[in-house]
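Next, two complexes with chain A in common: one pairs it with chain B, the other with chain C.
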Partner chain A sequence: MALDLQIVKRTVGFLLKAVLLAIFVFPFLWMISTSLQTFEETMAFPPTWIPSWPQWINFVEAMNAGPFLVYARNSVIITFTIIVLQLLVMIPAAYAFAKYRFVGSKLMFGAVLLAFMIPGQVTFIPVYLMLAEWGWIKTLLPQIVPFMSNAFGIFLLRQYFMQIPQELIESARLDNASEFKIIRKLMIPMSMPALATIALFSFVSHWNDYFWPLVMTDSVSVRPLTMGIAMLRETEGISNWHIIMAGNVVLVVPILIVYLFASKQIVKAFVYSGIK
Partner chain B sequence: MDKKRLWEAVRPYAMVLPAMTGITLFVLFPVVYLIYLSFYKYNLMNKSKSKFVGLDNFKQIFTREDFYTALANTVVYTVGVVVLTLALSLAIAVWLSRRTRFNGIVRAGIFTPHIISIVSVALVWMWLMEPNYGVLNFLLKSVGLPPSQWLQSSRTAMISIIIVSVWQNIGYYTLIIVAALQSVPPSLYEAAALDNASRAKVFWKITLPIISPQLFFILIIITIGSFKVFDTVKIMTGGGPNNATTTLVYYIYEFRTNSIGYASATGVVLMAIIALLTFVYFQLLSKRVHYQ
Partner chain C sequence: MFKTKFAGIALAATLVTGMLAGCSGGPSNESAGETSPNATTPSNTAPAGKTTIQFWHSLGGKNGEYINAMIERFNKSQDKIEVVGTFQGSYDETVTKLQQAIAAKTGPDVTMLERAYVQMFADSDVLEDLTPYLKTSGMSENDFTAGLMGHSKFDNKLVSLPFNRSTPILHVNKTMLDEKGLSIPKTWDELKQVANALVIKENGEYKRYGYAMPYDTWYPIAMISQAKGKFFNDAGTSLGFDEAIGTKVFGFLKDLQSTGALYYPPQQDSGNIVNQMFLSGKIGMMFQSTGVIGSLKSNAKFEYVTAFLPMDQVYATPTGGANVSILADSKNKQAAWEFVHWAMTDPNGAQQFILDSGYLPFTKKMVESQPMKDLWAKEPNRKTAYDQLEYAIDTNKHVAWPQVMQEFFSAIQAIMYDNKPIEPTLATFKKETERLLSGK
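Here is the complex of A and B:
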């Protein structure tokens, strides 16, 4: 009897957890299902759970609703340029903050922390005016260059660099290694987890970004995928949910693929950023 | 030789120069510029016609009803999101904290929405909340409850947006709380078990006090994040119906082209609110450091 009760309790617990999981997974399944339905099927009540025949044409129609190749290209360029630029800027800065003592370093590091706290929602108006003056608005630069200094990344990487024993660096210097070589051969390989964390974090947040491109762009040719998908609602009409969801699938899939392959890494990255 | 010494003195500055240039140009200077703009009636077409108006923009802010509406909406949103997110993620974290395979899968599953673009999340939920053909109303009807207008009624629009934000971010905070729970030394629980303490008592007397620093941080992070809410509002309701979901950032966004001075002044107010919250955050941080 006691054993039975144990089994019942475990089964109920298992089922409840499955329901919880379903609440978070179902909307994505529903998105995929809708993206393959006909218009009539989406307008049925009760809803059509599984399309009778997958309508791949919806994807074609969604991609024809705007210059989606341009949007996709912009998203890829923006995201990857930001990651490379951030790493180039961040590594020497973190090294200097971690391993050198120089006048003003505390003040400058304080400025980095301060920058970390000031969101784009506060600064977008002056930044826009400034970049408009520079004639950048018709280019991709406003979506890339303002992110060159990743304050969170500098902070995290400095912590990592500080944990690398000074003796290692000193012995490399005795072997006449240049500082550049020390960074390349010692610091970077030893801080790979931190660099991966920062790069993943940047990838997710800039691929997904909607606010910044919205306020920084005024022409189609420089817009990223997020904006293109959001605009499907206007171009496709509010009730063409099968087309909107098809576009949505295109936006979500790259992130889901990355998540599938690096879910442990991503989970760790996000937890780490929350605790520190 | 001298050349080498000179280079060694300059080197750190050269290494931080790109980073400091970026921060100065795109964060620090814009803040100063924002404050400057807030004292002007700015003319976008003809800059020379911009006029210094002193504190007029700020006076206007605090006498305009729509500002108070936006502020009140933001506060309602923030309180709703903070309370629901904290309560639910704590409950789920306690429930899923044991290191089993299935718990890990469920945790990874509920975390997924956090890394999905807010655009996708918003669009999927608009479809789920569609009043005539949406799945949510289908579910309500099939259990005998009246359907809701969700985003299309000023009474339910805000709670609908709150639901979406909570749904998207709960998995992230669950992970953080689980990490905190798993770092509680097992010896404490063993001692409690020896004393035959009830599970509720263990939770309130041992678990909660130990993870309270992390809960405080989460509280502040969610509060700051909620004050910046914009994307869901822009995509799902456009501030409506009837300004029921116009939040502070959306309010600034609406004024950003026609009244740059006024929008900037509102930006200064938002910055002051965020600065205050951040100050509280750092107070807590320093306390925690002393405590350890």
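Here is the complex of A and C:
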């Protein structure tokens, strides 16, 4: 009887997961399918699920529809600069918040949390006006500088650092290790899963960001891939969905690759923090 | 204890200096390296000695390619001005971008502006009056197609000129009508008969509908003016159509919707949905922009023709699409005008763009030009759209139109989707409109 219950539980769990997976995977598969269809197939009603002959040419057409090398380069520069800067700011900050008590530490951490809670939609107009006044709109800076510090990352990393036993740090100090050496040799290696998670989240959100560049850019030379793909839409007339979807596939491939490498670390990060 | 405290402050300080260093160092180096490769992207930086004109537009996809080609032709035609065209998204997105850019003084010199938004910008005095430019270039308002000048003059200032203009039109699957021995409807009554005759219903499910239209304010407005109503009254204080006309228009739509003669599509992506249904024979006719004639023609597997929107009391159609304006804040207005003037008059300018894209010719010269005549001889579908301009009338002109439009959308939703009774819904809409028009 107990065994039966076990089986029922597993089956239900499996079914729920399968349904959930289907919900998440369906649009993704449809995107891939559409990216390989002909225009006639995208127009067909009821919809075509599997293209009769994969149209790889769609990818060539999508990439030739605009300066996609420029868009791709911008996306890479923006995303990686942001991640590097965020790590530079985040690690010492999280260490300080986790392991020191200093005047105003609580207040400062409160400020970090506050920054975490204010959505960008509230501040984007004043930020835009300020950056426009500084003459930054024709550069990549407006897409990088506002994201240099990652409040969510500082918060997450602080929690992670707090789990690292104080004794380890004390013994390192006894061995005359400088604070920066402690960070480098102790804190960073011990929190790789958390760092990988934060970096990946940051990567995905900035790589996919559409709203911020939509507001902050008004010329081709500073626009990222997301904007380039949105520009494949027809404003009047019939949109070439097969071309747009080919562009979208190109957009998500780097995310899949990065996730493939980082997924183990992410699972670790959540498993570890779950145990403690 | 002191040591840890100190180290803490030191770390917090590195945090701050790190931010500052990042500010001046890293990313700005990136962006310094940024400027040189820009030259490789099409038309981005002007060679020395040239005046650069920023031109914002809302044309993506194929039409975007056509406008880029036009800009390229201008840049090659002379060596003093370099026009940089930038696609800023849909008409609405372009308007939003303009609003923020004008406020931040980073706006373009020339912009495309969806015609219904012109008045809002004109009212804020941010558009240049083109009257003197027109005069010095030996042009006059009479050079333009009269039906397309409805959104150009406000407070006696000529603030925009037509560019990529379109109208709604009736698109017909003639093969389908012929099968049933039906002729193309010219009046609402005929539309009702033909649309009902096309319906195929099997087991309580519609296999084919009569006709469709995208979810838009454009088509109800067209019908209101066909019933001899105006959207706003002349004083601009209230709606210009009475209860009888409102009930007639929406009553007609609901009546046809109830028998499957009208398929009213869901909001999201409604234009693409009706196009798809039309191409795959799920509907026999549709009200839709002239902007899709080109794509329909190349994809229809049946005899595809266009016709005037059917009349009630009169033939009537609103216009759509966008105009171009020069911004009052521009530092290079003369150069900007040279570009606009070239586009308006040179056969390689907007004329070629219109031949390519299928938008309506907007100057009398374009209409009379040989290439346009040749095109019309080959594709009479496009001529129908131009001929219909004789009945063009835009009655939804008001500074507050963008807000009223939102309310009208709500009323359309309530009636078409939620089956709310027509009269009270329109009465509420009227009240809301009067409030918005009074500026309260």
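Convention: the second predicted complex is superposed on the first by the 224 of 276 C-alpha atoms of A that agree within 3 Å, B and C clash if a C-alpha of one lies under 4 Å from a C-alpha of the other, contacts with A are read in each partner's own complex, and residues count from 1 in each chain.
Methods note: contacts are C-beta pairs under 8 Å (C-beta built on N, C-alpha and C of every residue); 3 or more make two chains touch, one makes a residue touch a chain.
Keep in mind that what you see is a predicted model, and the values were worked out from it rather than measured.
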Superposed partners chain B and chain C on chain A - clash or fit: clash
Which superposed partner A:149 touches (first chain B, second chain C, both, neither): both
Touching partner for A:234 - first (chain B), second (chain C), both, neither: second
In the superposition, chain B vs chain C on chain A residues touched: B
Partner chain(s) touched by A:211 [first = chain B, second = chain C, both, neither]: first
First (chain B), second (chain C), both or neither touched by A:219: second
A:137 touches, of chain B and chain C: first, second, both or neither? second
Touching partner for A:81 - first (chain B), second (chain C), both, neither: second
Contacts of A:102 with chain B and chain C, given as first, second, both or neither: both
Touching partner for A:164 - first (chain B), second (chain C), both, neither: neither
First, second, both or neither for A:67, with chain B first and chain C second: second
Chain B clash site on chain C (candidates 62-70, 98-106, 134-142 or 314-322): 98-106
Residues of chain A at both interfaces, chain B in one complex, chain C in the other: 43-45, 88-89, 92-93, 95-96, 100, 102, 105, 108, 125, 128-129, 145, 148-149, 179, 214-215, 230, 233, 241
Chain A residues touching chain C - in the complex, by the definition given at the top: 39-40, 43-45, 65, 67, 70, 73, 77, 81, 84-85, 88-89, 92-93, 95-96, 100-103, 105, 108, 125, 128-129, 132-133, 137, 139-141, 144-145, 148-149, 179, 214-215, 218-222, 230-241
List of chain C residues in touch with chain A within their complex: 4-5, 7-12, 14-15, 18-19, 22-23, 26-28, 30-31, 34, 37-38, 40-42, 44, 56, 58-65, 84, 86-91, 93, 97, 100-101, 103-106, 108, 164, 166, 272, 275-277, 279-280, 282, 289, 291-292, 294-296, 299, 321
Touching residues on chain A, where the partner in the complex is chain B: 14, 17, 20-21, 23-25, 27-28, 30-31, 34, 42-47, 88-90, 92-93, 95-97, 100, 102, 105, 108, 111-112, 114-115, 117-119, 121-130, 145-149, 151, 154, 179, 204, 207-211, 214-215, 226-227, 229-230, 233, 241, 244-245, 248, 251-252, 255-256, 259, 263, 266-267, 270-271, 274-275
Chain A-touching residues of chain B, taken from the complex the two chains share: 9, 11-13, 15-16, 18-24, 26-31, 33-34, 37, 92, 95-96, 102-103, 105-106, 108-121, 123-125, 127-128, 130, 132-133, 135, 138, 142, 167, 171-173, 175-176, 179-180, 214, 217-218, 221, 228, 230-231, 234-235, 249, 252-253, 256, 260, 263-264, 267, 270-271, 274-275, 278
